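Chain nomenclature is as follows: A, B, C, D and E, assigned in order of appearance, with residue numbering initiated at 1 for each chain independently.
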Amino acid sequence: MTTTKVRRLGTDRPPSLASRLMGNRWAGLAGLLVALLAPFVDATPYALSVMTSAAIAVMLAAGLNIVVGYCGLLDLGYVAFFAVGAYTSGVLATRFEVPLLATVPAVIVVTVVAGVVIGAPTLRLRSDYLAIVTLGFGEIIRITANNLDVTGGPSGIYGIPHLVEHPAAFYYVTVAVVSLAVLGSARLGRSRLGRAWRFVREDEDAAEAMGVHTYRVKLAAYIAGAVWGGLAGVLFAAQLSAISPGSFTFLSSALVLMAVVLGGMGSVSGVVVGAVVISVLPEILRDLADHRFLLFGVLLIVVMLLRPQGLWPARSREVP
Amino acid sequence: GQGLLGGGGESGREAGENEPIVLGMLIPQSGSEAAIGPYMSNAAQLAIDEINAKGGVLGRKLELKTADDACDAQAAAAAANKLVTEGVDISVGGYCSGATLPTLPIFGKADIPMIIPAANSQELVDQKLKHVFLINGTGSQQAAAAEKWIVKQAAKSVALMHDNTSYSKDIALRTRELLDAPGGAEAVITEAVTPKESDYSPNITNVLAKKPDFVYWTGYFQEGGLIARQLRQAGYKGAIMVGDGSVSPKLIEIAGAEAAEGVYATMTQTPETLEGAAGWIDAYRKKFGAEPGPYSNQAYDAVRLAAEAITKAGGTDGAKVIAALEAIDGFAMFSGPLKFTPEHTLANGGFQILVVKGDTFALQDSLR
Amino acid sequence: MTQLVWNGLFVGSFYALVALGYSMVYGIIKLLNFAHGDLYMLGAFTGFAILGAVGGVSPTMALPLLLAVLLATMAVTGLAGVALERIAYRPLRRAPRLSLLITAVGASFALEYGMRAVAGADPRVYPVRLGGSSLEVLGARLTPQQLVLVGVAVLLMAGLNLLVTRTREGRAMRAIALDPRTSALMGIDVDAVISRTFFIGSALAGAAGVMAGAYYGKIDFLMGFLIGLKAFTAAVIGGIGNIPGTMLGGLLLGLLESFGTFWLGGEWRDVFAFGVLILFLTVRPTGLLGERVTERV
Amino acid sequence: MNLLDVADLRLSFGGLVAIDGLSFSVGEAEIVSVIGPNGAGKTSAFNCVTGFYRPASGRITLRGTDLTGLRPSAVAALGVARTFQNLRLFGELSVLDNVRAGAHLWLRQSVLDALLHTPRYRRSERECTEQAHHWLDFVGLRGDRYGAARHLPYGEQRRTEIARALARRPDLLLLDEPAAGLNHGEKAEMLDLIRRIRELGVAIVLIEHDMGLVMEVSERVVVLNFGREIADGRPEDVRRDPAVIEAYLGSDDSA
Amino acid sequence: MLEIDGLDVHYGGVHALRGLSLTVAEGEIVALLGNNGAGKTTTLAAVSGLVRPSGGRVVFDGREVTREKPHRITARGLVHVPEGRRIFSTLTVHENLQLGGYLLRDRAETRGRIDRVYELLPRLAERRAQQGGTLSGGEQQMLAIGRALVTGPRLLLLDEPSMGLAPLVVASIMELIAGINAEGTSVLLVEQNATAALKIAHRGYVIENGACVLDGPAAELRQDARVVEAYLGGV
């Protein structure tokens, strides 16, 4: 037997303070607290609308994170599900006068179906090709909404009833829903299914060899992402009371994807931060008027150069 | 800050005597329609400067706050909320119907009357909101004018082309409906194009296969110019007409003088077509060093109309301003003397037919 | 019918030209270069600026002049692409590959709104226009200028194909795409090859920009967005990284759009095009000419 | 009944015949080695058994259940685990997570459990982690269990891969060159490990080029050449088989 | 020819090489032995520029190459065959070999060298049009070595060349290495198959925990009790 010393790299090293702060639920609670207190600092309609939009963006990012961050499936048409959710609830609420809350089960059913319809034939594709297919489906959904009459054609659906009247109250409802969604996605990520998603992301063959039915697992990620996106769509419809195809363009998909990557793929805290940055930064820059997107672009580059793994990357080591 | 514990949602609009009156204007400054924003904000500023030079309104100065709606619903909602928060008294903006729709309840809730200068989808008034007024002709008014001219030209087969946005599609479909009535011209094809492209030859091939003698494009000038040019290149010899979104000297430039010559347009009155407007154009040029673009005159009028209503109402109280707007009769605007219908659209749609002559749109027929 | 085919091929050759650069860049560093369409835009504006500086041109001189402008523009956009890679992409080469997506979108915004700040939001119109009389060929109406443009596009593409498949430079590109570290061990200067790839790809985009400006006339700061999207689609359909495949992908997309418009009308065109592409990919998951990759276990 | 039966397997790639009528069987808790020249079709045979390749013809049965043409995850579900010749760890994931992958098939936990953090979820997660540690201890991993697997030295990665396969609690374990890249001392440890695995009642099929190890550990050796079986028997007999010496071992079988 | 002096390498918090020093003289085969994780691969990677040392010097042919880029080091004639074969998986066998000749401007010479490799490793000739990634493990190993030979190295760094090779092939690969060495190429050989390595090497080093603990002529090392116990197996 060899004489070399046995090296136990870090097995007995205590977790660093940073990892303790970032890793566990304190970060989540702190984030929630910030979200809950923010209206006490600024509750102007503008601030509330920006914050509500940011919260919805967080939900979208959390959903897309399941697909892209956990499972490694590049989805360039994620807003398709956002649109499906928003339209389902909008159509039911305006054409059939179903209360908005009551549309939720229908939204879930429809988005699951949409997830299966889009995912089933295409999840066998390699990532680049999947990207195009999802992009294509995103466009197909948007154009179809634009061309059909039930969806109100290009002008969309308006007069969707509010979930609750007061903007601050609606903000709190949104925060509550979004928090649950974020928590849910985090818990999924730490489950048997969540691990399977990461196995698929890392190496599909090895995952198969360990008994992971990669196709089903991918479909599950897709469906989970679809449901998250669809529910975010309901919030979106309730917030704006009007939805139109113009809100579901490829650019919106790209922005959600950016939120995920900017924050740190696979890291729930990261994508929350990413989504807040992506949705709030342009508002902060609003006063620069003409130059705001120029600066936005430059900032994106700078941020990424400084933090290549994202603002708050997924932990690369487990806490023992 | 105005937190929940502080002043609450209501912003500090209890304006003092000398506080300026704030007009808010949502316009696209980024995104696909970014070209339009400056035309509108410049003209609004021009109106404000003129009014302020004469002492303002009720002894108070006017002030303009613009916000970028990027022609996008969500951005528009945030921008509208921002204007509300900044204490805007009257909204004089709105170019894209799709972006303007979600802002209606936001301004409504804050008790801010809206004079919408450009966006003109029927849906803006379909909800019968008290605070919403359109000073651009609506789709049905424009369609009526178009049909009138088509019939007058004795056209037989008409091709309608739109860009699949709500504004453009609405006009096209309404025109088709009118043409579908028995007798006269027949709508042979309704073709939708994808905006922001360069090559429309597949659409044009479709259209020309139906051998129309009249083509009506109801979208914007960027595509309009290309379509007119490509129609001519493809050998089309019949008449071409464009909607009000296409009335811009840029259309002529893009199409090239040859292809643009003789193109008709349905349009409310513009500075160019008004006897007395030459001075206005000069003033605009002098101030901004550029030609007034599409919807600059409507933006200019929106500001003037807001000033008029505030004067009549004796203040900026929302309900009183709305009442004043409803009562206005005969206020002089580029589009003619103003009076609102019960649904807050122009009683006199005021559409007329322009024609491209050289490098401008000239009046062809006032359809009166 | 021939008209439909010609329309599709003509537009498709623009798509192909832009898609080639996309494909090369994607092929070598797996970057979804969102800014690629904006280099096309930059090309269009560069050409516009050069023509403006040259001043009035007699119509007879238009074609040779345009060719000169084309080359100058290709140099400018090529260098812009190299700079872009240097600043925004190279530092992230070891980061997760989607991180590049952020800087690419950032670069796209910066280019678009930077151009807007320089040239304004109004569309501009080229002083020299290729247009004019059309002739009938096999029942399709086309112009000599169109033929010239397609000819130039085909030449550029053919040259590129030779470069990538036949030369050591091309082999180096393909090797880097698979494994940059090992490529360096073969003596390949990875950074230099990537720079050259960006130069060529961006130059092609710039060429397409000038050609579009001169042919269609209208240019604006957002003109690159849609074509960038289509180029990406074409590149993938063709089989990412595969040059002839990308050309075919561009042409196919053009044809699909042309026939989709004809069969279903303009409003369903993209639904048709994407629908066909999706169906196609489900039967042939590696695109038109994409290599069958048999991953060994 | 044999644990594994492979009958008349054929597989080709284009014109290349990789496996040409291969048959062999493995009994319960038996250690069988598969040896043969490079490119003889050993890994391909593994790939057929585990569902990564679909054989052109032939039948593969596990305790009488037909495996032929099943997808890899279904084969794994029936109790077959494997390692890969070119390591296939989940590089970015922690070593522990890698081994947890082995628990995927037996871990009883629903999505709802995970969302609500029910006691069942906690229990199953705890068990999963304990098992992972158990198997890492079993294979004798020395390196950092909490860091990314790709940071481990090569030999440690090999062990991790075996731990991952063991965490599946398979009846049949296929090891593709587990001792490649190990030095002599480490090979001794591997030998010991393989024996201990067999003591758990797991049958092992071993592809290996290290004859010392093969001769030491195998109960039976199957020799392939050009996709065909050229010998099958006890190690002592096989090593003296002239066909095997000629095709594979060479006269000097030190290596 | 190669001098490594006090080399330190860190991977984040891991101190992989701790002041490692060794030399390879012109015309020598030097074996590098050590347990898993000892730092052998890291040593080679630091020499060829794939990892950046945090301290120490690498001198090749009298010139310091410590922080030079990998492709320049290769251009100097120092060629590294990395661990794990690293074949360009979708390129054919032939294209892989052509890439080995990337730096040769002369096509005829490249062709000549490739033909030579085909002669030495006939299995590769049979498979010249097959995608590299679909080769069997051993075939890939042959390709990796063949590819480096096309480069025409003056110093060859080999990381576990015998891994996954059948016994017969191991023997012939070792012969091959001895052969090219005889033609003037120096070799730094990392090998777990210490028996085979020490048979052809002139000298050897044993490293543990990122530093050399033992070195000497191969013949002596073969007799050394510690080496015998740990690496060669009781005789």
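Assume a residue touches a chain if its C-beta (ideal position, glycine included) is under 8 Å from a C-beta of that chain, and two chains touch if they have at least 3 such contacts.
Here the structure is a predicted model, which means the values were calculated and not measured.
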item	value
Subunit D reached from subunit A - shortest hop count over touching chains	1
Both-way neighbours, i.e. chains that touch subunit E and touch subunit A	C, D
Chain whose average C-alpha position is farthest from subunit C's own	D
Intercentroid distance (Cα basis), subunit C paired with subunit A, Å	31
Computed distance of Cα centres, subunit E from subunit B, in Å	74
Distance from subunit D to subunit C - Cα centre to Cα centre, in angstrom	48
CA centroid of subunit B to CA centroid of subunit D, Å	73
Residue list for subunit A, restricted to those that touch at least two other chains	2, 7, 9-10, 146-147, 205, 209, 290, 292-293
Shared interface positions of subunit C, touching two or more other chains	113, 116, 267, 270, 293, 295-297
Shared-contact residues (touching 2 or more other chains) in subunit D	52, 84, 86, 88, 143, 185-186, 188
In the complex, subunit B residues that touch subunit A	1-6, 8-9, 11, 29-30, 66-68, 71-74, 77-79, 81-86, 97-99, 101-102, 104-106, 109-110, 121, 123, 127, 164-166, 169-170
Subunit C - residues contacting subunit E, complex	168, 171-172, 174-175, 178-179, 181-190, 291, 293-296
In the complex with subunit C, residue positions of subunit A that touch it	68, 74, 121-122, 124-126, 128-129, 131-133, 135-137, 139-140, 143-144, 146-147, 205, 209, 250, 254, 257-258, 261-262, 265, 290-294, 296-301, 303-305, 308-310
Residue ranges of subunit B touching subunit C (in the complex, touch as defined)	29-32, 34-35, 37-38, 164, 191-194, 196-199, 201-203, 205-206, 222, 225-226, 229, 233-235, 250, 253-254, 256, 293
Interfacial residue positions of subunit D with respect to subunit A in the complex	50-52, 71-74, 76-77, 81-82, 84, 88-94, 96-97, 100-105, 107, 109, 111, 113-115, 117, 121, 124-125, 128, 142-148, 164-165, 168, 185-186, 188-189
